[in-house]
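To keep things simple, chains are lettered A, B and C as they appear, and every chain counts its residues starting from 1.
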Amino acid sequence: MPTFFQVIEFLGTFAFAISGIRLASAKQFDWFGAYVVGLATAIGGGTLRDLLLGVTPFWMTNSVYLICSAFALILVIFLGKWIIRMDVTFFIFDTIGLALFTVVGVGKTISLGYPFWVAIIMGCLTGAAGGIIRDILINEIPLIFRKEIYAMACVIGGVIYWLCYHIGVPPIFTQLISGLGVFAVRLIAVKFRITLPILKGKEHNS
Amino acid sequence: MPTFFQVIEFLGTFAFAISGIRLASAKQFDWFGAYVVGLATAIGGGTLRDLLLGVTPFWMTNSVYLICSAFALILVIFLGKWIIRMDVTFFIFDTIGLALFTVVGVGKTISLGYPFWVAIIMGCLTGAAGGIIRDILINEIPLIFRKEIYAMACVIGGVIYWLCYHIGVPPIFTQLISGLGVFAVRLIAVKFRITLPILKGKEHNS
Amino acid sequence: MPTFFQVIEFLGTFAFAISGIRLASAKQFDWFGAYVVGLATAIGGGTLRDLLLGVTPFWMTNSVYLICSAFALILVIFLGKWIIRMDVTFFIFDTIGLALFTVVGVGKTISLGYPFWVAIIMGCLTGAAGGIIRDILINEIPLIFRKEIYAMACVIGGVIYWLCYHIGVPPIFTQLISGLGVFAVRLIAVKFRITLPILKGKEHNS
């Protein structure tokens, strides 16, 4: 029986893969290309984290992430039009994925003995780097650099994790509160259209 | 004296480097840029594989790959027009490279004790990721996501490797049959214009 | 008290971060996106080097690089127009950064026992790969593949390092001469508009 945590992780991976596959389909990728982009979106952030931490990438010890991305592809192939209309559902899944991935990234980094500021960066990478890799693969400017609060939600979640950890909140609640923090920040930001200021400049190389 | 295997590896590296350098030349890169793109095409896949496997990248212990890519650059500089007409020759070299790189990637991963599905992924990465890195460097959508059977040939070669290994075929024949499988699949796919279905969708972010 | 070397390193990191943030601002990135691009420009090359060498990325043990990039962002936010006019100043900083990063990369690789040709490549990566990552993130063709002598200055600096090392020059002078070599080559190349030949070709895939 999968635990509650594993079900959540499955949903998050699934939502991330769907987001990659949908964008790939807009570029007329074939099934293989769409699968690669979906998979890279789902596991790219955690893979970068694990490479930086010097541990074996998480998906190399458990095939569930690959299977989960394959399910996402099959769903888009068979139910494409229906899926494309489910924007709100996938926004929720995606935000759950973001929250969960952030918490996993922060927790894993701390358990390896790194300082907290490294853990917060790793939380951000786990949550947001997959989307950056996705956008590089489809040759677009990464969305999260220009649109909405996204990675900032991970930063805030990481800081909440650190505060909880510091004042001695039990691990399970620390994770829950931090994850809810990410979820809430992203939800509020999108709902009230809160964005970061834009840097304006002229094209200029140094 | 180089072995038969080493000669094949040299040809594969060479063909991959040429493919990178030709595309770089279409973008008006300078010699250095073209060399970097050629080199990244030739060694990028194996480097990513070795980083994921946690071993020293293969080209850091043997300078032949860098020299081979330099030869490719010199050839394109001096014989550019002549080379550009040799499409069929380079298609053959490139496909040999793909087959060999796949077999090397699968074999290396198994020898490190990873399960077979990891080995198949590593075979694909070794064969196909160099081309993806090349296309990112020249700022194009990766060709293999939209055109022809390419990475799928690696997957099929990996599965053949696994089957042979499973029923106890001796290593040398396992490698040969698997490599020939990759070669044959790609050849047949291009010859009969067999492609994977395209995913069609609208531009849409989640 | 920071040493002379640390001050130089701070200036180099700062100049690299500024270069990333300026280009990000030309693409209308938000503050977070600009910070990420600035940081990636400043630490991307060294991170790639450390991943390839199999050691912990340098910025994970010292937060000064992140803080330094944050200063660069604040400066651009508050003094953007003024900064954009300081082309010559930043060209000097950037070239100092290039020289220093190259020397650090070569030195670190040698101290880990790798052969010299690996060290020269790592010197180039440390100095130039950050700019390539920056250009990938802003979805442009990497500048250094088409413009000016840049990475070639790193190669020449690396060769000078090797020569000095070989004939027994004390480490501190080896580093100084090699760094000055990088600086001089880049300065002379820009001053006299010396460039590498361009490879010309037609769009063509193999």
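Rule of thumb we're sticking to: contacts are C-beta pairs under 8 Å (C-beta built on N, C-alpha and C of every residue); 3 or more make two chains touch, one makes a residue touch a chain.
Bear in mind the structure is a predicted one, so any value in this text is a computation, not a measurement.
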item: Graph class of chain-chain contacts, one of line, ring, star, complete, other; value: complete
item: Angle of the C-alpha superposing rotation, subunit B to subunit C, to the nearest 5 degrees; value: 120
item: Approximate Å spacing (C-alpha centroids) for the pair subunit A, subunit B; value: 29
item: Where subunit B touches two or more other chains at once, by residue number; value: 51, 54, 136, 139
item: Subunit B residues touching subunit C - in the complex, by the definition given at the top; value: 15, 18-19, 21-34, 36-37, 47, 51, 54, 56-57, 60, 63, 66, 76-77, 80, 84, 87, 90-91, 94, 136-139, 143
item: Complex contact set, residues of subunit B against subunit A; value: 51-52, 54, 114-115, 117-118, 121, 132, 136, 139-142, 144-146, 151-152, 195-206
